[in-house]
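So the structure is just underneath, and the comments pick up after that.
The letters A, B, C, D and E name the chains in turn, as written, and every chain counts its residues from 1.
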């Protein structure tokens, strides 16, 4: 009970602090500071029509590189920690097979979802979306496969290859920016082109494609590790017949 | 006139959000709550399209597409968990 | 063009009414399966009509609306089917007014029915 | 948008309260996630300017009018990365919880007293 | 119009968050957190942030819920909190 009282006191204290901050806050009416510079110079400097993409990929590119690194470390941590988990945890029994309708819908929808994810990160400099969203959509397609068939296996070699290649390409494009343009992760190593076209904004589509593939494979990796290793397909077929 | 009817439709949809939330609070089992989640996701798709209409930006429809494609995965996940196949 | 906009907005209004009735149905219906059917059929039709109405109201948005409708038609029934199957396997009871349960008959199980009459 | 910021603060406080009073570790992670959502909502609310539209230039918002018509894009970029990091960190926390559960077969946080002094 | 949206969705979000914190069982609480993230996504769209709304829709709708459900599935017998 005393713990609950302390918790209540802390929450009320923070509520008081935040309320005073809120009451003394005046909303901005104009863009100020760095945002003003970004909005007024972005299109002529970088050529991407989506300002958020321009900030994420170029102006704050180092942030994004660090974020991808954090994501990679989290995925690695999950896979290292869960490596031998099935030995000690008791097996919860056979998993129920999913229905025919769900199988058919998955077969129908998975290509569309992957294609849509690719559309999102390739068009990241024109429309809302980008590498992170597209990666999450691709990971959702993998998740749909897992949900439909609990014993679905993934090809680890292909996943690892895609992840390493995209990460290496990302850093390589960044280093190329040092030599060919203004600095690390500068997108002007390629011609800017006409704003609004798909082949515009320099290297932003390439960088966002790399980020999308890397985020997608890493999230799929996390999901697969959390689900546990796939059992052999022979066993699964027998289970299906037994039911 | 047409604009007024669209506004009226939006208010009706918002009232639907409140009703579905009521079932979510009341629902005795996890399956009932998942039904409420299902209804709320599809209502949200309609709401997003209505918002896109109000602010008059066609690019917002991409978000509605993501919703229409992905929102059912959450419901399927909970359902497969309930039947023991996750 | 005013007629087209009026037509689109009225279709959207009918769709929103279906969405509202679907939400009302999941509050008022007696058991889970009835709630599920009102929450699926009615809201699917409601969303389709709303999107179609907006597509007619704003004619240049019609292609996107048709894509959205196609995806909703593909995804929403699947999720409801999976949920209904899961609820049936976990033995959530049917209301007393149920007359047929084909899935239980096929698996030679007794029909799970609520014990006492619920006052609705 | 003061209403949005109030909602964000309320969500943060609810999540904080839940993280303090819950004993189940999965529920604590869930509460932290809700507080995270509140914080992200607050940041987006701070960047919103009344009556303006999304920072994406197309035929509706030409570049010449952009300075008067778009909201602040910087908080959006920050929140975008924060959400993705959030889900990865949640996955890592839950992995730790699964490993702890293997060791002691309990999810209650007050049963783990090994490092308490 | 926008104020009505924010009012209804905000109240629904706060109710969902309270449910996520105060429900006894874990799985309904996870569903409640999913609802909070659902409405957060619509609110981001209202606040003129379609990128953030898309991220929240892609991650909050499926991935986040499933990660929690996997954790609950792996720690099944430990769900007996008061």
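Note that in this section a residue touches a chain if its C-beta (ideal position, glycine included) is under 8 Å from a C-beta of that chain, and two chains touch if they have at least 3 such contacts.
Because the structure is predicted, anything quoted here is derived from the model rather than measured.
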Labels of chains that are neighbours to chain A and to chain C: B
Chain pair with the higher count of C-beta pairs in contact (B-C, A-E): B-C
Chain nearest the global centroid, as defined over all protein CA atoms shown: E
Cα-centroid distance, chain B relative to chain E, in whole angstrom: 13
Separation of mean Cα positions, chain E and chain C [Å, integer]: 22
Separation of chain A from chain D, taking each centre as the mean of its C-alpha atoms, in whole Å: 16
Distance from the mean Cα position of chain D to that of chain C, given in whole angstrom: 32
Two or more partner chains touched - positions in chain D: 1, 17, 21, 48, 53-56, 58, 70, 76, 80, 83-84, 87, 91, 94, 98
Interface hub residues of chain B, defined as touching at least two other chains: 10, 17, 34, 36, 55, 58-60, 62-63, 65-66, 69-71, 73, 76-78, 80, 82-84, 86
Chain E, residues touching no fewer than two other chains: 30, 48, 50-51, 53-55, 58-59, 62-63, 66-67, 70-74
Complete list of chain pairs which touch one another: A-B, A-C, A-D, A-E, B-C, B-D, B-E, D-E
Residues of chain B touching chain E in the complex: 7, 10-11, 14, 17-18, 21, 24-25, 27, 30, 33-34, 36-37, 40-41, 44, 47-48, 51, 54-55, 59-60, 62-63, 66-67, 70-71, 73-74, 77-78, 81-82, 86
Contact footprint of chain A on chain C as seen in their complex: 71, 74-75, 78, 81-82, 85, 89
For the chain C and chain B complex, residues of the former touching the latter: 2, 5-6, 8-10, 12-13, 15-17, 19-20, 22-24, 26-27, 32, 35-36, 39-40, 43-44, 46-47, 50-51, 53-54, 57-58, 60-61, 64-65, 67-68, 71-72, 75-76, 78-80, 82-83, 85-87, 89-90, 92
Complex contact set, residues of chain D against chain B: 53-54, 56, 58, 60
Contact footprint of chain E on chain A as seen in their complex: 50, 52-53, 85, 89, 92, 120, 128-130, 132-133, 136-137, 139-140, 143, 147, 219, 222-223, 226-228
